[in-house]
Amino acid sequence: MTALVRIAGLVRRFDVSKPWLNRLIERAPRQILTAVADVSLEIPERGVYALVGESGSGKSTIGKIAVGLLAPSEGAVEIGGVDLHRERDPARRTETRAHIQMIFQDPYASLNPRWRVRDIIEEPVRARGDRSEGLAERLLEQVGLSARDADKFPHEFSGGQRQRICVARALASEPRFIVCDEPTSALDVSVQAQVLNLMKDLQERLGLTYLFISHDLSVVRYMADRIGVLYLGRLVEEAPRDALFETPRHPYTRMLLEAAPRIDAFGREVDPPKGEIPDPINPPTGCAYHPRCPFADERCKRERPAMRDAGASRAACHAVEEGRL
Amino acid sequence: MTETPILSLRNLVVEIPTRRDVLRPVDRVSFQIARGEVLGVVGESGAGKSMTGTAVIGLIDPPGHIAGGRVELDGQRIDNLPAEKMRRIRGKRIGMVFQDPLTSLNPLIRIGDQLTETILAHLDVSEAEARRRAVAALEEVGIPAAARRIDSYPHEFSGGMRQRVVIALALAAEPDLVIADEPTTALDVSVQAQIIALLKRLCRERGTAVMLITHDMGVIAEAADRVAVMYAGRLAEIGPVAEVIAHPQHPYTRGLMAATPMATPPGERLNQIPGAMPRLDAIPAGCAFHPRCPVAEAGCRVGDPPRVEECGGRAACWVVAREAGLVRA
Amino acid sequence: MNAMRRAWESDLSYSFRHSPITVLAAFMVIVLFAGAILAPLIAPYSPFDPATLNLMNGFTPPMTPNTFTGETFWLGTDDQGRDMFSAILYGMRISLFVGFAAVLLALVLGVVAGLVAGYAGGWVDTIIMRIADVQLTFPSILVAMLIFGIAKGLTPPDMRDQMAIWVLIVSIGLSDWVQFARVVRGATLVERNREYVQAARLIGRSRSAIMFRHVLPNVTSPVLVIATIGLALAIIAEATLSFLGVGAPPTQPSLGTLIRIGQGYLFSGEWWILFFPAVTLLVLALSVNLLGDWLREALNPRLR
Amino acid sequence: MKRLLASLMLGSAAIAIAATANAETLRWARAGDSLTLDPHAQNEGPTHTLAHQIYEPLLHRDMAGQIVPALATEWAPTEDPSVWRFKLREGVTFHDGAPFTASDVVFSLNRAMMPDSDMKELLASVKEVTAVDDLTVDITTDGPNPILPSNLTNLFIMDEDWSKSNGVEKPQDFEGGEETFAVRNANGTGAYMLAERAPDSKTVLKQNPNYWGKGEFPLEVTEIVFTPVQNAATRVAALLSGEVDFIQDVPVQDLGRVEAADGLVVRTAPQNRTIFFGINVGDADLKSDNVDGKNPFADKRVREAMNMALNRDAIRQVVMRGQSQPTGVIMPPFVNGWTEALDAVPPTDVAKAKELMAEAGYGDGFSVTLNCPNDRYINDEAICQAAVGMLGQIGIKVALDAKPKAQHFPLINNLETDFYMLGWGVPTFDSEYIFNFLVHTKGEKYGSWNGTRYSNPELDKMIEGLASETDLAKRDAMIAEIWSTVQGETIYLPLHHQVLNWGMKTAIDFPVQPEDQPHFKYLTYAK
Amino acid sequence: MLAFVIRRVFQSLIVLLVVGLVAFSLFRFVGDPVENMLGQERTQQDIDRLRTQLGLDQPFPVQYWRFLKNAAEGNFGVSYRQGRPVTDLLIERAPATLELAFVSGVFALVGGIALGIYTAIRKSGWLAQFVMTASLIGVSLPTFLIGILLIWIFAVELGWLPSFGRGETVAIGWWTTGFLTASGLKALILPSITLGLYQMTLIMRLVRSEMLEVLRQDYIRFARARGLSERAVNFGHALKNTLVPVITVTGLQLGSIIAFAIITETVFQWPGVGLLFINAVQFVDIPVMAAYLMLISFMFVAINLIVDLLYVAIDPRLRVDRAAAAK
């Protein structure tokens, strides 16, 4: 299988410094928030790659860079061999852009409330100047809505239905690659199931490639083939689905799996994880997870671990490498 | 055997009159919470779980109001108390924790002042004593260096720490009952685990009962003793948490469990319940769930389903009742 | 038919129908607007044509025959023998024209500035908002006096009467754009981070397409509210400027000019010269303000 | 609400009277303040009014407008007709106690002739001022000047020593923005002494205990509080509410109200000022009209038609509320040269005017702009508006451009208007003053306010001759001849003589002075 | 904090510079001062002499530069009309306007906030509804008409209050005050109401809507849930949060009070800078007009600076050391 999406050495920094005058007077240094640090991954054609992590882990930033909404500070994202940020040929850019779509978290904010559903769905096609008759109706039926809904406004739909419309819009330009940024986290369980099933069906039927971003391990487990775990902008572990859930390598992955509530663990008394996510502007030295890690030693404080193969997985952890874990 | 439950709802009805008709976000809900018990109230958005909690503490925004039934706290009816008496119960006997720790605290007031004002509002102590207790309360919820941090403003805390402060505030006057309305929804997984653990520990130590409102079955499974499932303002099913989750009776609970990815083995399709929760102005007649129910019968469309007690104490469903031989079809 | 039923049943229509004072205000606005627009058809006299005036009709009290000419006027006449009723209709025409045009100018300027500032951000935003700050330093009255000064210096004397109206429009419009710009900028800042805008960016829509096709329709509610209240403000500003003598010329009096003329007769017993234009102005501004107030409440999603 | 107000109104008059203050203090208000206390820095009415209370000229116009002795007791030309001799009053002292002598007069008149003085034009003919003795002064003019005394009525005498010790030997350079001691302080011989002064807001004068005129004048007012109140309605309100006792300019429409108010009275008298329209008769083409290549005003028939179209009586009746004297000449009745025949009001005849217009080839009319002040004369803008309507009836479409005097007058001076309103007062009470400014061809020394572009060299020669004509009879004949030409040519459209309206407490007995100059030393209270 | 102040001061200076340019350059178009200053008997030499004297014959940039330089030294030249240094005039007139603005401001602020709180707390009470509707009349009547009506009722018809001027004033150094005499205080009433009424209605409506907004916030619900009394909730919690946004707008409003004093001072013959300005406009007294505009801008900018600092003092969130991070 060839990789459709290739992310290599991706870094994204945000300057969150105070204005220069404050820095001048208060002698405060520049403050740089590194949202994404040296992330590399590949998504094969027709694959579903999931990124999981808590808030501030940089997963959404990677998604936005992948679709071209944000520029990378370093590194590159290639989709079908084209890097949107470096490609000079406008025709290839336009073509590549048409192959990329995104589904957002909030089904209420992602549809323009003043537009009719037809216009929303057909916009990607019309914007390119292509004809779009009947497209909205066809897509609406494909995502399980009625063709008559094309003339309604978004506020006439429930959250689940809106997310279906978002899916329909994403499909309008016949994309190959869709970034799904927490597509169901705003939905109720019963509706979430509908949308997840739909997305999975479409992925299989249309041969789509997904980058699936979520904080919910159970959703990721349902959707993904391969999962990357992010902590403070870095990939700490990457593994095929079953390997990750059955034999998690990195202590952070273990903690996540342990802390997540379980439906069968009635009255379980867990020892809650220690600490909270550190300030991403001043991340800890060495392994960023070391202050919370029960296995951390001096080396972890000093030296940042690199990604290494560990069984079917890859993990960035000295303890795993040293076999302490 | 029957000790007076700390909280008892009987046929509680909340109505919101609108210009078109009267909405019923809570419709004839009855349940009890024993002293020290954790009752999980679960349901999807619009199920009426938050409104039930708000009704108990008497803070429904007008024009909404309790239109029927009664709320009893430790055997004493409280839904009809005058405003001032109800105020004294809030905070003192019933505490409340809201979903978003960011917006629950007044951003312009030091957390110490928010704590002491709460203590002074309910306990007859000096200001110095109130402050001492405030520090103790912060220490108890695990705020490091509480004596120093007490003069900080809310924005100087992280989300998890803020929710700890909120819990300290809710428990400041040692209430008998805490209503926790989605206390961890806005938090990360690791912090959620901390907060749930904290809440459980504190309430157990004080014998405080908890009404834990959430949409997360996992949280319920781990934290609650009993669980009440709500749908469209009505109680669908109630029972010990292990039984309800492992052997749901009501078709809605069953569907819900089957739709939860956590409960579905990898690679299997999620079960889906067709449609969505009805809006308050369009609740179907008969059993509110019948249009989405896979086992609905003609009768479900007509009459209100039997009450939980009439169906063997678990689910409010015609089919369940019939199968159990409690009613005839 | 269906659309009409839907409109009738909409929240807006409902809150309108159930606020008697708003209905009354709307009724007054319609009556006054109609009076102004149809002035040439309704008005019994043509007050802007001095050749038709008979000075001897001056100061005729309402409904009382003039002592010299024996003519009777509903609302009396002013110092030039102008029929007050006709003068008010025509004056309102000018006031409303100035008001609408000024608001339109402020709206176009402010909305564009606000959209650009909010959407572009960065130094463009800084410059536009600094200009807005400078503008705020000059209250509308000072701005108007300044613009009047320039206009007087730049236009030939015989053009000044025709210019006066446009100068009023420009000066009121210029001093009111900041309101629109601020609100639209604020709304744009919210909207531009919404995911539908990101979705539009994703498919490569241009900045202007996103600003005007996507963002603009979503900031119309606050703009509508400000425009309504701005109309009332513009009408009052016109009156104030005319009172200070830098407004509509006395040969083509607006409501404000009529009041300026009338206030000279406050103590002299010719109360109708002040009273009727003042009441008309009050009712007009009040009705528009009431509508604006209602719109603000009705369109505010947080208040629903 | 209405009933409430009605009952309030009933009660109000009584309260107003109850609020009356100490009768010896006169609270006086008018629209504008004095511009400076330096008596030679500004030649302007309100400035002189205040100065007249503090300073005195050699001779002045009393409340009837008659020239009466002030600091001079006698004056007459000497054998040399170019020298006038003035006998000064004995025993007069300045407010600071210094005695008044001839040297003060010499000093003051010389001061008034300095370049920075605004009064120098009035003394343009003066060659020399000499002190003959302590109480006698000779003024030598550049050739005989029969009307010299009338030029001296506003020339105030300052104390030489006071001026020198305070460094105000020269008049304030007003235009240059100089601030001198004399601007805010005053030391005159007048009946009132300056006690307090805040420009544009409040000035307090106290009676001079050592005034020479004690016994000669009533001097019943012991203190004067002067407040400029610009807004007419506020000014009237202040009078009605009893906050002031005397206002100098009652708007004509409020005369009735003031008159009707208990305890208030309006006193009225014709003013030495005539209001008229000027028209551009001289240019070949007008800028502001719609006629190409021609000047319709150059046609006398058009001017006559316009003169006939103006209904002066209607303006008097309605706009001026009867408070004007319609006229056919641009000269107030006080002026030497005035006759009843000249003053006769031209008949209003729209039909005939239309005929004349048709004859002149303007049967379909034409359009033109009328420039008008809106803050200078009584109801100036309303008069212009009325005229616009009247001229409209004979087909002349007039666009009215009304603006403050500060922007109106330059249009006339710079010949930027073809049709304008102007009012002219004649402080010398002589026709020559009118001819010099309004009739003579516009040039360096003459005709500076002649905006009509009218130029008649013969007439100019006659006007220039008036200054040195000592034979008064012959001079009067010349004046009459010039008037007949002016009237015949209809270069001005006269409207009316203004009428002064002073509003005051009924208890105040005070006639109206034709130059609008109240001298409060004459004021008496009814017992 | 210091950086914040420096930045605001710097921005204020730019604003003042621009205002200076506008003020100075625009007024050159209004009439010709020379024409107004010379009487009816003047010659061409007089005109030329005066033009040179006033520097009006110099090119525009030179005049502006000179103006700026002088303005920086507090020297705005000499009034064409009064022949006195403009600075003296302004200093002499400023107390009247500032006292009027102060009383109006207090009236607007106290009245506006009190009524705003009342109408927000008693949202559906009839009195609150009445006040809300009545307040619309306040914003629908032009200021000059209010002033005239007040004079008519309270001065002319009732004779209770003076119709113009400041009454007796007492000089304390160069400052003259009307606060120390009965007539001075009486004279303040009508103009203050006239000037403050509009601002009061605006502030009231603003306070009301902000308060209603705040009362909907979670922390208010949480405060209620903790059993705090209504009083503590409304005044201890809601009011403080309401005032934060109100302060900004109020600052702008109070700034414009000084400017809107023009109308009130005209109607009431109040001897302040507004009246000075109107007189200056009529006489095309450029130095006074330019100085007035600079003064207004300066006060406006100063008030806003104070408001910004106040804002920081009230809202601890703005005192954070770190700039708000991007999530």
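Per-chain numbering from 1; labels A, B, C, D and E assigned in written order.
One rule holds in what follows: contacts are C-beta pairs under 8 Å (C-beta built on N, C-alpha and C of every residue); 3 or more make two chains touch, one makes a residue touch a chain.
Computed from a prediction, not measured in an experiment: that's the story for all the values here.
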Next on the checklist: According to the touch definition, list the chains common to the neighbour sets of subunit A and subunit E.
Outcome noted: B, C
Item to check | Other chains in touch with both subunit C and subunit D | outcome: E
Next on the checklist: Taking the mean of the CA coordinates per chain, how far is subunit A from subunit D in Å?
Outcome noted: 88
Checklist entry - Which whole number of Å gives the spacing of the CA centres of subunit A and subunit C? => result 51
Checklist outcome for this item: Check: subunit E positions touching at least 2 other chains come out as 30-31, 148, 152, 156, 266, 278
Item to check | In subunit D, residues with contacts to at least two other chains | outcome: 233, 237, 240, 404, 407
Checklist outcome for this item: Residues of subunit C that touch two or more other chains sit at 152, 263, 266-267
Item to check | subunit D-facing residues of subunit C, complex | outcome: 49-56, 58-59, 68, 79-81, 152, 156-158, 160-161, 245, 249-251, 263-270
Checklist entry - subunit A touches which residues of subunit E in the complex? => result 2-4, 6-7, 322-327
Item to check | Residues of subunit B touching subunit E in the complex | outcome: 57, 59, 83, 87-92, 95-96, 98, 100, 103-109, 114, 117-118, 121-122, 153, 155-156, 166, 169-170, 172-173
Item to check | Complex contacts: residues of subunit A adjacent to subunit E | outcome: 14, 16-19, 21-22, 24-26, 31, 33, 35, 55-56, 280-281
Checklist outcome for this item: Contacts from subunit E onto subunit C in the complex sit at residues 11, 14-15, 18-19, 22, 26-31, 133, 136-137, 139-145, 148, 152, 156, 212-213, 216, 252, 255-256, 259-260, 262-263, 266, 278, 281, 293, 296-297, 300-301
